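One chain, subunit A, appears in both complexes that follow, with subunit B as partner in the first and subunit C in the second.
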Partner chain A sequence: MLLKLIGSLLIMAASSFLGVYFSKECARRPRELRELQRLLQMFENEISFLSSTVTEAFIKLSGYYESNIRLFFSQAAEILMHKNGINASEAWEMAVKENIKKTALKKEDEAIVLSFGKMLGASDLEGQISNIRLTLTQLKMQEEKAEEEKEKNKTMYMNLGVLGGLAIVIILI
Partner chain B sequence: MGIDLIFRIAAIGILVSVLNAVLNKSGREEQAMMTTLAGLIVVLLMIVKEIAGLFDTVKTIFNF
Partner chain C sequence: MVTEDEEVKNEISFYNMLKEEIFNFLPLELKNILLKIDPKELETIEEIRLRAGKPLMLESCSGSWFVNQRGRLEKNCTNEKVVFQHEIIKAFELMSQNSIYAFLEDIRNGFITLKGGHRVGIAGRVVVEGGIVKNIKDMSALNIRVSKEVRGCSKKIMKYIVKNKNDIYSTLIVSPPQCGKTTMLRDIARNISNGIKSMSFNGIKVGIVDERSEIASCHKGIAQNDVGIRTDVLDGCPKAIGMTMMLRSMSPKVIITDEIGNSGDMEAVMQVINAGTRIIASAHGYNISELKTRKEVLGLIEQKAFERYIVLDNSQGPGTLKEVIDGITMKGVQQDAS
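Our next item is the complex of A and B:
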């Protein structure tokens, strides 16, 4: 009897933990999209007012946040510094492709981020700034969508975890 | 057999209905349907032995 009780408690704990984990996980994407927007905003300031080079700006930006989003910037800066014959957009693409798995971003977000990189360093200051603005509006739309999805899924994962655990316990007893 | 089985089936019924409501609310009708079906199958598996017992009893009553 005691063994059964302990076992069912363990199952409940595990499945509830899983539910909480997944509901936390689905809050990650909107947060990272917001962070990316903030970083791009800073990048715009960096190149328009301080007129620093891409490498300098990336190094500076990668110090601002602790999340995995900054890996894009730090890795791109590293590639730019240490590899010869690679321009900014190639470095950006490599950095993004390498680190996208560590973030919660989806394929559609990746496409936007990569298309930002395509224009990187390919035009004058005006063009660069309008490219950043365009990316920002696209990311804003993605963020709204992600936020909606999060609201829908957050409570569901929590409930699903607890109730699923309960179901397993009842079936096994 | 016993009162135990009935309680267990009742618990599964309550659980499945709550799960159904949760999934429906978050716009996942297909999964809600699937959970209902899964609950039904689990309950059927639980009572299949009892149904067999019932048939046996009926058979012995009419001396087949």
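Our next item is the complex of A and C:
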């Protein structure tokens, strides 16, 4: 009897943990989207007020946050520093494609992030700023969508975890 | 005296410099072709020319050369390696460190300066708004001018410039294009600023007004060429304004500037002279009488602004000394007397 009790407690604990984990995961995507927006805003400041080069700005930006979003910037900067005849838009594409898996961003977010790179560094300041602004509005929309999704899924995962555990326990007993 | 060993070392470092400071900023395909060229062939290189739809070309002392796929230099056009416009645009993106927006001021003047002092001239479709050049787009040609510092090239002429151990003569250097005017000015600046031990000349404060970023070749405000320890550089500033600014702000003993002869230059130079500051400048021309046909320069000659005129030509390589003329008497200075 005691063994059964311990076993069912363990199952309950594990499944609730899974539920909490997944509901936390839901919150990651909107958070990362917000962070990306903030980084892009800082990038705008870097190039318009300090007229830093793309590489300089990216190195600076990658020091600001701890999350995986910064990997886009740090890796792109690293590629550019090697000077292998790779320009900024190519470096950005490489860095994003390599690191997108480590973030919670979805395919549709990736498309926006990649299209940001197409113009990167290749125009005058106004062009750069309008490119950043466009990307920011698109990311804002994605963030709102992600936020809604998060609210929906968060409780669902939580409930699913606890109740699922309960169900397993009942079946096994 | 340069020993043979040192010469070999110089060659290697010149090639490394080319690789580091220029080839690294070219698209991979072009870079690989240039790397195949025998380093010996590149010793005298002056320009690398990229033109959309035209073969890759190098300019050196011995004329222009076409580069083929295997990195051989040929006199006749083979059309083997054609440069594409997208390569030119990419090269330009790389040269501006992927930050064209940060170099827009330079682009409007038609060139950017690379780290190391190499100037890259740009041609393409110019965007004009309200009579002012806003940008150059659809680039069709790049001219990469390899900058070479020739240390000690002014050795022969320093004795005509130095007056006593703390003072120099105001000097105008006259020479046709491509004869080493700017290189000479740079070396003079370094000598005056550092002082010359053998002539027991103490260094004095030098201010360089570098309108076209040619003398000091500043990259982001830092002089890439060695212009001496007591030298301040005002980079990219129009000469006439720059000379006045320099005079007020940095209290130089000598102001050095390139290619005078535009309107407004005369007044600025006279202002410098009247403030008791010396001036060393250069002007395009083959001789003094040709200079006199230009109004601004004639005014300066008549007001005896310069105490020395040094005429250079190309007869024995760039920077050959042709004559030295005293600005007060307008007679030749004995070249043998020191």
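Just so we're on the same page, the second predicted complex is superposed on the first by the 172 of 173 C-alpha atoms of A that agree within 3 Å, B and C clash if a C-alpha of one lies under 4 Å from a C-alpha of the other, contacts with A are read in each partner's own complex, and residues count from 1 in each chain.
Convention: a residue touches a chain if its C-beta (ideal position, glycine included) is under 8 Å from a C-beta of that chain, and two chains touch if they have at least 3 such contacts.
All values reported here derive from a predicted model rather than from experimental measurement.
Participant: Does the subunit A-based superposition show subunit B and subunit C clashing or fitting?
Facilitator: Here subunit B and subunit C can both sit on subunit A without a clash.
Participant: Contact-wise, after the overlay, does A:Ser51 reach subunit B, subunit C, both or neither (first, second, both, neither)?
Facilitator: Second partner only.
Participant: After the superposition on A, what does A:Asn159 contact: first (subunit B), second (subunit C), both or neither?
Facilitator: Only subunit B; A:Asn159 stays clear of subunit C.
Participant: Where does A:Lys83 make contact in the superposed view: on subunit B (first), on subunit C (second), on both, or on neither?
Facilitator: second
Participant: Name the contact category of A:Ile170: first (subunit B only), second (subunit C only), both, or neither.
Facilitator: Only subunit B is touched by A:Ile170; subunit C is not.
Participant: Have a look and say if subunit B or subunit C is in touch with more residues of subunit A.
Facilitator: Per-residue touch count on subunit A favours C.
Participant: Taking the superposition on A as described, I'd like to know which of subunit B and subunit C A:Met141 touches: first, second, both or neither.
Facilitator: The answer is neither, since A:Met141 touches no partner chain.
Participant: Regarding the shared-chain residue A:Leu9, is it in contact with subunit B (first), subunit C (second), both, or neither?
Facilitator: neither
Participant: When the two structures are overlaid on chain A, which partner does A:Leu120 contact: first (subunit B), second (subunit C), both, or neither?
Facilitator: Only subunit C is touched by A:Leu120; subunit B is not.
Participant: To be precise, I mean the smallest distance between any C-alpha of subunit B and any C-alpha of subunit C in the superposed model; what is it in Å?
Facilitator: The answer is 47 Å, the least C-alpha separation in the overlay.
Participant: Contact residues on subunit C for subunit A in the complex?
Facilitator: So the residues of subunit C in touch with subunit A come to 24-28, 31, 90, 93-94, 96-102, 104, 134-135.
Participant: Which part of subunit A faces subunit B closely enough to touch in the complex?
Facilitator: 152-153, 155-156, 159-160, 163-164, 166-167, 170-171, 173
Participant: Spell out the residues on subunit B that touch subunit A in their complex, using ranges where they run on.
Facilitator: 8, 11-12, 15-16, 18-19, 22-23, 25-28, 42
Participant: Which residues of subunit A touch subunit C once you look at their complex with the stated criterion?
Facilitator: 47, 51-55, 80, 83-85, 87-88, 91, 120-125, 127-128
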